[in-house]
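Letters are used for the chains, namely A, B, C and D, taken in the order the chains are written, and counting of residues starts over at 1 for each.
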Amino acid sequence: MTLTEQNNLKKHRVIIYGAGGYGGVGLVENLLTHPTVEISALVSREGAGSAYSHLYPHLKGQMDLVVEHAESFEPKGRGDLVFFSTPDGVGQTLAKKYLDYGIKVIDFSGDFRFDNNETYRAYSAWQQGEADHADASLLNESIYGMVELNRDKIKETRVVGNPGCMAVSCLLALLPLCKERLIKYDSIVCDVKTGISGAGKKPKPGFHFPAASENAYPYKIAKHQHIYEIEKNLTDAADTEVQIQFTPHVIPLVRGIISTNYCKLNKDVTEEDVEMAFEKLYKNDPFVTYHMNDGTLDLSRVKGSNRCDLGVFFDRRTHSLTVTSLIDNLQKGQSGNAVQVMNLMLGCDETAGLLNQTRYP
Amino acid sequence: MTLTEQNNLKKHRVIIYGAGGYGGVGLVENLLTHPTVEISALVSREGAGSAYSHLYPHLKGQMDLVVEHAESFEPKGRGDLVFFSTPDGVGQTLAKKYLDYGIKVIDFSGDFRFDNNETYRAYSAWQQGEADHADASLLNESIYGMVELNRDKIKETRVVGNPGCMAVSCLLALLPLCKERLIKYDSIVCDVKTGISGAGKKPKPGFHFPAASENAYPYKIAKHQHIYEIEKNLTDAADTEVQIQFTPHVIPLVRGIISTNYCKLNKDVTEEDVEMAFEKLYKNDPFVTYHMNDGTLDLSRVKGSNRCDLGVFFDRRTHSLTVTSLIDNLQKGQSGNAVQVMNLMLGCDETAGLLNQTRYP
Amino acid sequence: MTLTEQNNLKKHRVIIYGAGGYGGVGLVENLLTHPTVEISALVSREGAGSAYSHLYPHLKGQMDLVVEHAESFEPKGRGDLVFFSTPDGVGQTLAKKYLDYGIKVIDFSGDFRFDNNETYRAYSAWQQGEADHADASLLNESIYGMVELNRDKIKETRVVGNPGCMAVSCLLALLPLCKERLIKYDSIVCDVKTGISGAGKKPKPGFHFPAASENAYPYKIAKHQHIYEIEKNLTDAADTEVQIQFTPHVIPLVRGIISTNYCKLNKDVTEEDVEMAFEKLYKNDPFVTYHMNDGTLDLSRVKGSNRCDLGVFFDRRTHSLTVTSLIDNLQKGQSGNAVQVMNLMLGCDETAGLLNQTRYP
Amino acid sequence: MTLTEQNNLKKHRVIIYGAGGYGGVGLVENLLTHPTVEISALVSREGAGSAYSHLYPHLKGQMDLVVEHAESFEPKGRGDLVFFSTPDGVGQTLAKKYLDYGIKVIDFSGDFRFDNNETYRAYSAWQQGEADHADASLLNESIYGMVELNRDKIKETRVVGNPGCMAVSCLLALLPLCKERLIKYDSIVCDVKTGISGAGKKPKPGFHFPAASENAYPYKIAKHQHIYEIEKNLTDAADTEVQIQFTPHVIPLVRGIISTNYCKLNKDVTEEDVEMAFEKLYKNDPFVTYHMNDGTLDLSRVKGSNRCDLGVFFDRRTHSLTVTSLIDNLQKGQSGNAVQVMNLMLGCDETAGLLNQTRYP
């Protein structure tokens, strides 16, 4: 195939709904370098009617598509796949329409992370208050977008719920241990430190620079909705009920999540058993790397990229394990993972569009 | 006088109107250590009805007065002096009432920085749109609260307009040169870098941590209202018209202002002439220090304190001068200076309440 | 007593050995406001021979004592108490000499945190490699400087080992629970996030601004020497062996420590039992406050001050407890606590010198 | 040409000498995405003998070449072009050898920014002390690597001196005005604010996180060596002597430079004259954009990219001009510009390798 032929190939066309926020700009930055996918529509309330680069001037000359208004956007024929980079409640009301037009769906909220109305209700009780799903029949086919867990199912589905950023971080650390049944399921502690971009683009008192700089704080202790998402998936992996202690903390950082995951090992479990569990799940993974007892992992490894670096520390003295998990909350924790999911759903190379860095904000 | 006697002495009582913002908490932090002044009322919309420490928990046990609501606050008999830590337009409508009750006034906005309706109109044209002063007769007696310029007048007046933070920084650098007529008045450039607390406590998109961290930008180039305030005072000092080029910049810092002030020297002006001009104005000043050709001045010298450090650089090669001026925008640039002014108005020691550090935010 | 009389009173005189570092300047800032203690000597290699304010220009006019050289300093008759703000190994070789001159000792390192050579050897194995104490007989009388644990003993002793900053944070959270035997001793996890000033004043690659800003990382996982210090004191409090999982993290913050402490509760332990344990230990404490289920605690509450704020979260669902502990690592975690200890040793009011803020760096 | 054919094409091969520093990693990050250039050797003292990704783990899997030791590196046959990302004095002693092997040279220091021994001596007097160039004959052919000034000459030469980061920023703002003779040449003030990565990778007290965070300071006032570099090029452009006032400031930012450039306009010069001067120089420029009177320019526009955004403010009131210039100091200010220069020297597309973001540190 010649270069010209390649360029003439019909690229996959994707719609970004909710393009104005950090999730949207992350998708744009990733997709700019994608060889076989192009953005066909940017939809947003913010910035509607102007070039996207008006909203994000660093993209001037690279993404000057005019933003279309969410209220009036008509998806028919506009793309092969849509990203709903929107809060809980939006995607579940729109998905059916898009699917009927043959447009696959990747949703960034909790709307499609659960497999039936019952588990969705349980999740919503943690999040916005217990409620039924607006279109529960779709939950039968929707897949939880953790690639490392559901790669094959994602290739076959039309609807994916992209995981929560803190859930990604903790699950990548704990899934191998639960799958291989190496740990005491009532001993898990997940301590999460997140950068402020995780809270989105909207200014709030706690994120005002003078309040947030030189400050740090825990929040939603034992109450965060990602607890349910993590427990649900660990429980499925272990095939027995798992409950965790979980505390998220805001630290004065734009991007990045460190989660530090603690657990007690079952009797007689060895360091080799632990290593094998991680090797089994991540051996050929393009983005997840684990490091046995390597104490040098910092966020600069993953900033801007879709990587997850895991540090696995076996402590003989207390027969326990500490697994640190480092991701960029806006990449592996959000839009990078979503592009990886999209690649699987559209039949592209899994790493396409994900080898360069994103950087806003 | 015994300690008990001292404690029984009737202290001066002051009202802080607009106590909820950064200006308010700065006043509180300064006054907590004041030996002869006490806070008699905290007035604010934000936090009204609860202890002040509910708004500012770091002051728990130190300032638990209940905040009174601005709408219903009745000043009669409540204090000897009021600070209006409020935006332009508030103090000018309230001052008369307070003065009639015998309560002296220090206003944090531009409302009392000018001496007649004409200059106020000129200022307001830069600020919110040209307008008459609500109570122009008070401008006859109000004094511009730059202590280094008006120490004696401040002692005698009932009304002071506390200077703008960037104006303080630039004027302290340039006043000695204009007063002694050492420089070319059309050559002045003031380049200001300010921390974000200068913009107040209210969250805005440009001050959202992910937007402001690792970022910096100029704003209101050649248009900032402090230009008029600076030119007015330099013109008065030089007794001839002075115009400046002035650019403020936001840098990712909570507190602090560096202004870098440039000018050409008149023919034959020597380094000694320059030093003498600074010596004359600041010889016995308790807070302003100048350093000839000392390149080590940084903001950590003044953070939290009412000090101003000036670095005066004489450049033989270009026969020009660079004067760097470092202050804490919330102290010498706002509440610290206001307490210094208060000390003069109430007959207290000029440095009382100003020897410790403030630290919020 | 009149003011003049008070001023003529012979104040206690203290020596700061190791005055050049962050510990030293913290002591100076605290003691500047102390009513009955004065600094009689500042001893340091860095800055020796010049005024202290040459090293710390923000103290110009407030602390201009000439720094004396550590090599040649002769303590006899120079003070009533010395602070050794020095690394492990220094205080243990110097203490005897000072004590023989009647100078009480507060040491900032691990040198006097343990009560006999055996426990010191165990500690040193975690720290610099197992070794005997240079003057083990002093360990019989030295007291661990955690005031909340040893207030009365500190009043009587001549030698105190000031606790490690992360140990202070975790112990204040966990001691009430161990003392009252409410928790499962094998379930404790301490996750610590510390500001960079905790690593001292010396530049290192990991603390270079471009490397440390927008970055964060765990270190010394399961290996930090404070593990032993914490376990030793929890074990003593519980009167049975306690082992913890402990991970320190560096976050991009100058000052402050958040530790998040997790544990499982014993069967039938109620929220009231937990509250009573905290009430019992901290009821009348001047600096430690606990908050039941209050999710709003952030580091801005404690920055610059000697306070510790504890957030105690009882989770019915998992029958577990999460205790967040917020301190300023340079204050309650270091020099503030040392001044509190000094107050007890010298018979001053426990809070003297500790009501204002310190602020460098 | 098919994709396979394209991949089989012999790519240009380049050597990075001084690969361990920020300049080196910037080059690597840019060149990773270059379609027709590959890195053939990485030379450094730091990290020699190990994979480059050992030094920069975020590049694991993308750049795992083993670093070669500077002492023993033999360039013959190793590449078509070398980048000397080294301090003053290194490139001038090595260049001849590389050129003799047919390897073109781009040097990051001041070694090849001047066109004869006399101007080099003048520059070195500002920098490290007046000295002769080690190989002055090469200065006859070396070109100053400001593309916007010397695009055609760069295409023809074998040796380029890559400009200083602050010089790039100020020159891009002022060159159009000097070339078109619109301004008073004795009125120029350049006020520069730079991120800390500009000082390189080596930790120093002023760049220690606790010292640099929440701090800012001017340095080398009227003494910085970039003054000479800027004046030399403005003088050449204006064809008459130009002297500037210039102050660099360190602000708490990893990457980025804002320079604010002030000057008085000649009589009768209009806004249109000014716009035309910028239009003339930058009309077709791929990276430099100017904005007339647009006050919204911030560093986030240029972070990580090779762009320069100029804000041109015409002030009728003072008949003066303020030109703000925003670049990433490590890109347009260093390695990005060097890759642009390389593209011209090797005959590649001028923007190749420069359309994605770099991000370390």
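Methods note: a contact is a pair of C-beta atoms (placed from the backbone, for glycine too) under 8 Å apart; a residue touches a chain by one contact, two chains touch by 3 or more.
A quick note: this is a predicted structure, and the numbers were derived from the prediction, not measured.
Farthest from subunit B, judged by the mean position of CA atoms in each chain, is A.
Just to note, of C-D and A-C, the chains joined by more C-beta pairs in contact are A-C. Averaged C-alpha coordinates put the centre of subunit A at 40 Å from the centre of subunit C.
Work out the mean CA point of subunit B and of subunit C, and you get 37 Å between them.
Averaged Cα coordinates give subunit C a centre that lies 47 Å from the centre of subunit D. Residue positions of subunit D with contacts to 2 or more other chains are 211, 213-214, 252, 254-255, 296, 300, 303, 361. Looking at the complex, you find that subunit A touches subunit C at residues 186-187, 189, 191, 193, 206, 211, 214-222, 243-245, 247, 249, 251-256, 258, 260, 262, 264, 295-300, 303, 311, 313, 315, 317-318, 320, 322, 324.
Touching subunit D in their complex are the following residues of subunit A: 1-3, 6, 29, 33, 57-58, 60, 62, 213-214, 289, 296, 300-305, 307, 355-361. Looking at the complex, you find that subunit A touches subunit B at residues 22, 195-197, 201-205, 207-214, 252, 254-255, 361.
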